[in-house]
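Each chain carries a letter (A, B, C, D and E) given by its place in the written order, and its residues are counted from 1.
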Amino acid sequence: MLYTLIPFLPLAAFLVLGLGGTRIKEQAHLVAVPAVLLSCLLSISAFTEVASGSVISVPLYTWLTSGNLDVHIGLYIDRLTAVMLLLVTIVSSLVHIYTIGYMHGEPGYARFFSYIALFTFSMLMLVLADNLLQLFVFWEAVGLCSYLLIGHWYERASACSAATKAFLVNRVGDFGFLLGLLLVWYSFGSLNYHDIFPAAHEAANQTINLLSPLGGNWDVSLFTLIGLLLFTGAIGKSAQVPLHVWLPDAMEGPTPISALIHAATMVTAGVFMVARLAPLYNLSPVAMQVVALVGAATMVVGATIALTQTDIKRVVAYSTVSQLGYMVMACGLGAYASGMYHLLTHGAFKALLFLGCGSVIVALHHEQDIRRMGGLKDKLPVTYWTFVIGSLALAGFPLTAGFFSKDAVLVAAWLSGPLGQALAVLGLLTALMTAFYSFRLVFVTFWGPSRVDPHHADHIHEPSRTITVPLLILAVLSILTGYLGIPSFLEPVFSTGGEHSGEHGAAGLGIMIAATLMGLAGIAGAYYVYVLNPDLPDRFARQWESLYKGSLNKWYVDEAYDRAFVKPTMMAASELWKRVDVEVIDGAVNGVARGVAWSGWLLRLVQSGQTQHYALAMAGGIVVLVTMLILF
Amino acid sequence: MAELFFGYFAGVIALTAVLVVALRNPVYSALALLVLFFHVAGLYVTLHAEFLAAVQLIVYAGAILVLYLFVVMLLNLKQDDRYHHQWRIAAFVCVPLLLEFLVLLAGNGVAPQSSPLTAEQTAAASDNTMAIGTTLFTTYLFPFEVASLILLVAMIGAIILAKRDIGEGGQT
Amino acid sequence: MTFSPGDLFLILPELLVITAACLVLVLDPVLSSSQKDGLAWLSLGTLAICMGLIASQMNHAASAFGGIVIIDAYACFWRLLLCFVAGLTVLLSHTYLREERLYFGEYYGFVLLSLSGMMVMVSAADLLTIYLGTELMSLSLYVMAGLKRSEPRSLEASAKYFVLGAFSSGILLYGISLLYGATGSTRLPAIAAAIAGRSLDDPLLLAATVLLAVGFGFKLAVVPFHMWTPDVYQGAPTSVTAFMAVASKAASFGAFLRVFVEGLGSLKANWSAIFLLVCIATLVLGNIVALVQTNIKRMLAYSSIAHAGYALIGVVAAGVAGTQTGEANGITAVMLYLALYAFMTFGAFTIVAMLRKGGLDGDEIEDFSGLAARHPLAALLMLVFMVSLAGIPPTAGFIGKFYVFMAAVEAGLTWLAVLALVFAAISAYYYLRIIMVMYMREPDPLTAASPRLIMSPALSIVLACAVAGVVFFGLYPSPLVNLAGHAVLTFK
Amino acid sequence: MTVPISYYLILSAIVFLTGVVGVLIRRNIIAILLSIELMLNATNINFVAFSEYLQDMGGQVFVFFALTVAAAEVAVGLAIIIALHRAKDSINIEEFNLLKW
Amino acid sequence: MTHSFPWLTLLIVLPLAGAVALCFAKDTSVRLIALGITAADLLLSLPLWWLFDASSGSMQFNETALWISTPPIHYRLGLDGISLPLVLMTTMLMPLCVLISWRSIDQRIRSFMAMLLVMEGAMIGVFAALDFVLFYVFWEAMLIPMYLLIGVWGGPNRIYAAVKFFLYTLVGSVLLLVAILVLYFQSGHTFDIVQLSQAAVPASLQFWLFLAFFAAFAVKVPMFPFHTWLPDAHVEAPTAGSVILASVLLKMGGYGFVRFSLPMLPDASIAFAPLMITLSIVAIIYGAYMALAQTDLKKLIAYSSVSHMGFVTLGLFTFNIQGIEGAVMQMVNHGITTGGLFLCVGVIYERTHSRQIADNTGLTTPMPRYATLLVIFALSSLGLPGTNSFVGEFMVLAGTFIWSKLATALASLGIILAAAYMLWMIQRVAFGLPSAPVLSALRDLDRREMATLIPLVVLVFLIGIFPNPILTRMHASVNQVLARTSVPTAATAMRAENQLLPAPTNGDSLAMETPRP
């Protein structure tokens, strides 16, 4: 099937670059870019085919069989997949192009291209998976690419530890994912979507006793358990609270990566997974509620932290966390289509924002602290304007893509019940903060007096065209995607969910107005604070010092983890090693050896060299033997 | 009567045996042993082993013991003034051993497999020497030959060991 | 009660050995020093002929001298082994004596006389003859141990060996006398007939059994009658030690089995209890004390004590086994063990004999430092012997242990097998130490005279025989197993 | 002939054990050899007594051989003693302990 | 299924003959000869892969000859789907071991190569032996060469390590010998492994035999409290020795369990399963913790082996096809991955003469190729999907899940920890900047070293992406093992009483046996 090429073209690019990268070097983009563009074209073709109503399924090969564990690798394209395909290939193509300019002259140029090609392949395979294990395999594979790309500048210690952290935190999530996956297999005897989904309804009432090892009795619904376990994976991958800590650190990677992986595609895999498994989640209200609450919490936490960050990419990163919270919350409330919709628009405008950041950073010679920027709007006009469009979309400014999708999420939340209404209110609040921090970024970076390092201040200019063109395209997309009618396109996939995107009614209108107002208020607030009264932030910070510091230090989550998990683990490891392994086990082993040797030394003394002692021993032997025989 | 003889011989044998061990001067020990040999020979006679009694006197008393005395004199040994320091432990071991032996050999009413000799049998067995001779050269011919080898070994071995001249590379 | 000339044919090997011995003794003073090599070749030739003769007697069980001597396959097995070991000894001594400057032509005579005593021991069926054989063997060995008169240790070894040997033969003799009193005969078949159905309730039998066990225990060097072994093995000239460690032990086992299984067979419940105790003590003590030795001859002495313990497992198994085959398997195992033990121990002692430090034996374990670098082949051979002594496949030592433990398990003594194997694992430590010293240590540069290795064609032959036996029987023990199995069948 | 065999056995046991004790406690090697002679004599008493009681010549023959062996042992033993004395000017067995442990 | 061609004998004899031949070779050609022989052995073993009949669970390539008549001990060889991959793994690794020692071993190279070849013969023999005594002979025969490899060519503390290795394993295996003998008398006077695997042994006896088998195999694996020889041996051994130890010797423990314990002592295996699984999980987590605490590269990998081998024993005692096949896969994979890691450490040790992580930092800058390969092996080691290790671990976890969900969850923790110590290691060794100037001047991998590592990398991905060819060859054989252990209700009832961890049938009715269509 031709569509097989969609993922395998990037793979081919990766192999060529990976094996011959040292020779190709500066020409690496000549391999990678055409491959991704081609697969982008094929994706569009696939999209149109799927849009006409068909579902494409391409079996590839049998991965492993063992008893009833029977896993095949295959491609499966329905509407959900098709949308994701478009997102991935388009953003990826643009990032590829952007990279040509951004990474120009870097020693790891070819390596970088090979990694993103590999990432594109993995991400495509992830969304194309027709079974859970394939999903998991590429779920981890994208994690690997993320790891490699975060650590792209391997000389930097901070990049390396960020990479490690990202991988580890994801592993924690994947731990749950794996167990959930096994539970699915155990319960259904299969991992294929088309086996599981039909069977799911029949098993709806099954429960599992979680306390059976202890002899207790705590029955939990099978699907709740499956849902929660799988969602653990999503928490990790989509940077939800409490595993969100890796994502901001991941900004140590080159900016194109932040755009592609840590904003548009990989981090949304969790949302995609929940949406993909909607038939299972729908069977467990508890799991759904947990998903929604986690999403909401993430949304709020991310936004509050983003308010005070000073690193340009970290602000955007926390906004990503926050936006991912929106999507997850939407899924948790059953509004899968809205969630996916937001995913898509977010993919466009967040990629735009990140690439814009990248443009700024390149222009400022890798300066990322917004306190040392300012007044750039004249020097970097393309960047500035596209950045503003992205920020407007993020802030939910009317008629941008972000406006529509955020509105869809909030409306769906409101309509989904009491919990949803509470969360919708939170969502509105977050929207306010979102608008505030995104325009804080705009104003501080581009407006006002220049605080740029005087060394660089003179030669700030717009980067090359390979950078600006993707920005422009993404800016267009940031507006355009709002008008494509994605929710209704996706509706058939989630037909079992109770969402009716068509009937917003009065509530819908109210939410829309509220959200708009919130967005405008946020922008106005930012303008007031950062343009009109630049000394205000400092005063705020002094006035609410603990709040400010909490936000600035990301609510001390990293520190808490360090104290609660990392340090104790390392302590336990070295203590266990010294106490148990070295002292107890080896001590026992060496002790036995020493004991034997010691008794040897002792017994050796019997051999005194005195002949008559020897004779005495013989006589003693006679006594013992005679006694023994007499007595027994 | 027999008991009387036995009592005498046994008494002297036991006494001299103890003396052999107890006397510190090896010459005295050897002399005590000599007395013991004579009495053992006497005991043999009461047991109708006249040939052995004679051999006992000739070989043991006449040859072996003389050899001992000869060596003792040759080496001009001083009196052995102490027993080995382990004698207490030795006593600790040997006393139970003695008790066990006594229990085994006497206490449990030893019953020899064949009955004691009758008078007729005693008479028949009078030609002890001839009987031994016949047996030696018929039934025990092979051991006899082996014994001769033992003597050969002893002879040559003694020469080799006691020979004085041991130059480096000296010829034998 | 008479003998026929045919009897002489049966003991022809013994007669040949004796004749050769006498010839050696007679020729020795006659020959000049340069011609004395001829004595060795004479001895060797005789031994070769004897082995041929014995092999031909293998399949015809017969008794001679009115049943005093039994030439059956069992006896032939041991006689073959003994002749072989004596041959190796002669070859080893040929070079070793020259190196030690011990120019005794009589030496070969003593080897042969001792051998004849051993051969008498294993083919005798009469306690008197066994006793005489033992004495013949021992007296020769006492003398041989003290041959290196210039060396106080050698004399001391000889003296200790002699005093304790005489002591033990007194005990043995006392036991025989009691047994004679209890059964009325010194012939093993007659003894067996007399005690059939009797038990140790008979105090004479009890005392006799214990004393015989002690007497033989001394010769076998089992705990607690072993204590002469390390001293004597260390002090005696190495070639004599090798001969003692292998031949005298084998002969003693041969006679010992004959006496206890054939003569005292109906008391096996009792004596197996004795030997069980002795066996455990031997395994424990032999292995543990060997761990801390610094002199290799002494270490090998303890190792030989421990090996006697392993062989005793077979004896105990034979005693405990309820079935005829179980008993036969136990005895087979012992025979096999001793035969295989002969190869490896002799090989090890040969290497020890070859190693010289200055004009002396290089018999401290430290002297082996760096041997692998200087003499890789010798080190390799020593490695093979050590591995075999440790009982690790694919060497002969493993096969020996395998059969012994098989017999033990068959007899239901699984726990004993476990115990013995645990001690086998411990024993591996001290054998490994030799390997370690040879391969992983460099010789101490401070010691002026670094040990060297004496070489000669004769030694090469000895080593070749030993290593061939260890490897061949380790890989393909069937011939020996069949031989021993066959010998045991004629035994009872 | 009414002396019970057990009397002879007890006598021999006493002599034998006296010999054993001698071996264990005398320091002079010659004295030790003398003690061993005691042991052998004890054995011989046994043999002769049993021979008488069993009406069997074997015991007496055994004594004959035992005597021979004893003679041979003495010869070798004394030779060793002489050699020892020559080397160390002592025949105190306690002093011969180069070989130990 | 008797093939007339004696494949297995040749496979065993060729290296042994090679070892002998080396003694007579010229000094300069020793390495080449060793390489040639190991390569020839590899080539010789490859056809087995295709000749193997995957549909049959019985032994193939059988060879039988009477070795010793009383008791009947045979020279009997054969392979099934369980031993086939292990044999191939062995033959594949040996040329690499020769290559990696090319320059790092500069003393007594002849003996070294001879030892390697002897090891190869013995190792193949262990996997191919079908007579218990023959098996034992091969099993023990490996000890001495390995002892020498560690002790002669090892690091500073080599003697202690060598002796510890030797005694530890010997003590374990002597008990095995007794068990073999007892089994002989209890099940029809035969040492034939195939027959013994069908014999009925009284359950009470099985208990003791299992313990004896356990002593031998658990030490070799090594399972939790018996593992302390491993870090020492690994650290001190020369690279080739570490590779052999980790890749092949450890497998023999697992192989022993699956070949002997499970089929011969099914009742005891089931009764002991809770204990075994508990120990396995302890090993997985404990080993990972230990690895976290290490500052020495080899020690880290050694402890990671403890952890990974825990998955093997875990899988074996789940008594289902996923678990056992996963365990065998894990054995093969661990051989490849850990072998690769040790080779990597060897390469760097050759250059910096230190195995301390702190002395080998920031290697990507001077040695990009090296760093790439190291990262690949490390990722494989932490069980990244797409690499080989994931397959085995996933299958084991799947098998365990049927047995107990709690056990699975605990075992999965090991995977998290594996990521922690491996990534931390990479972070320090591969990434960052070199901590000392000398490190910047290191030369990257040369052709020989690439040739050593690349085959393993290929296998890492090949097996990771296409595990099924191995699995299909395994199914029939594993089913035979399972036929013995899936003993009926009586046994399961016993398990229910004794269990430490729950059986799946307790609370929920989700029967595994009825997969939905």
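Quick note on the criterion: a residue touches a chain if its C-beta (ideal position, glycine included) is under 8 Å from a C-beta of that chain, and two chains touch if they have at least 3 such contacts.
Model, not experiment: these values are computed from the prediction.
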(Q) What pair of chains is linked by the largest number of C-beta pairs in contact? (A) B-D
Q. So which chain ends up closest to the centre of the protein, judged by Cα positions averaged per chain?
A. E
Q: Give the label of the chain whose average Cα location is farthest from that of chain E.
A: B
Q. So which chain is farthest from chain A, going by the mean of the CA atoms in each chain?
A. B
Q. Rounded to the nearest whole Å, what is the centre-to-centre distance of chain A and chain C, using the mean of the C-alpha atoms as each centre?
A. 77
Q: Compute the distance, rounded to whole Å, between the mean C-alpha positions of chain B and chain D.
A: 6
Q | Inter-centroid spacing, chain D versus chain A (mean Cα positions, whole Å) | A | 96
Q: Please report how many Å separate the Cα centroid of chain C from that of chain D, as a whole number.
A: 26
Q) For chain B, which residues are shared contacts with two or more other chains? A) 84, 86, 90, 93-94, 97, 101, 103-105, 110, 112-114, 139-140, 143, 147, 150, 153-154, 157, 160-161
Q. Got the chain D residues that touch at least 2 other chains?
A. 5, 9, 16, 19-20, 23-25, 33, 49-50, 53-54, 58, 61, 65, 69, 72-73, 76, 80-81, 83, 93-94, 96-101
(Q) Could you pull out the residues of chain E that touch at least 2 other chains? (A) 167
Q. Tell me, which pairs of chains are in touch?
A. A-B, A-C, A-D, A-E, B-C, B-D, C-D, C-E
Q | Parts of chain E lying in touch with chain A, wherever the complex brings them together | A | 164, 167-168, 225, 227-228, 231, 286, 289-294, 320-322, 325-326, 362, 364-365, 379, 384-386, 390-391, 394-395, 397-398, 401-402, 404-406, 408-409, 412-413, 415-416, 419-420, 423-424, 426-427, 430-433, 465-468, 471-472, 475, 501-502, 504, 506-510, 512, 514-517
Q) Across the complex, what residues on chain C touch chain E? A) 372-373, 376, 383, 387, 392-394, 398, 402, 405-406, 409-410, 414, 417-418, 421-422, 424-425, 428-429, 432, 435-436, 439-440, 476-478, 481-482, 485
(Q) Quick check on the complex: what are the chain D residues that touch chain C? (A) 5, 9, 12, 16, 19-20, 23, 29, 32-33, 36, 39-40, 42-43, 46-47, 49-50, 53-54, 56, 58-59, 61-62, 65-66, 69, 72-73, 76-77, 80-81, 83-84, 87-88, 93, 96-101
Q) How about chain A: which of its residues touch chain E in the complex? A) 61-69, 133, 136-141, 144, 147, 151, 154-157, 159-161, 163-164, 167-168, 171-172, 175, 178-179, 182-183, 185-190, 195, 199, 202-203, 206-209, 212-213, 217, 219, 222, 569-570, 572-574, 576-578, 580-581, 585-586, 589, 593
Q. Which part of chain C faces chain D closely enough to touch in the complex?
A. 128, 131-132, 135, 139, 142-143, 146, 149, 152-153, 155-160, 162-163, 166-167, 169-171, 173-174, 176-178, 180-181, 184-186, 230-232, 234-235, 298
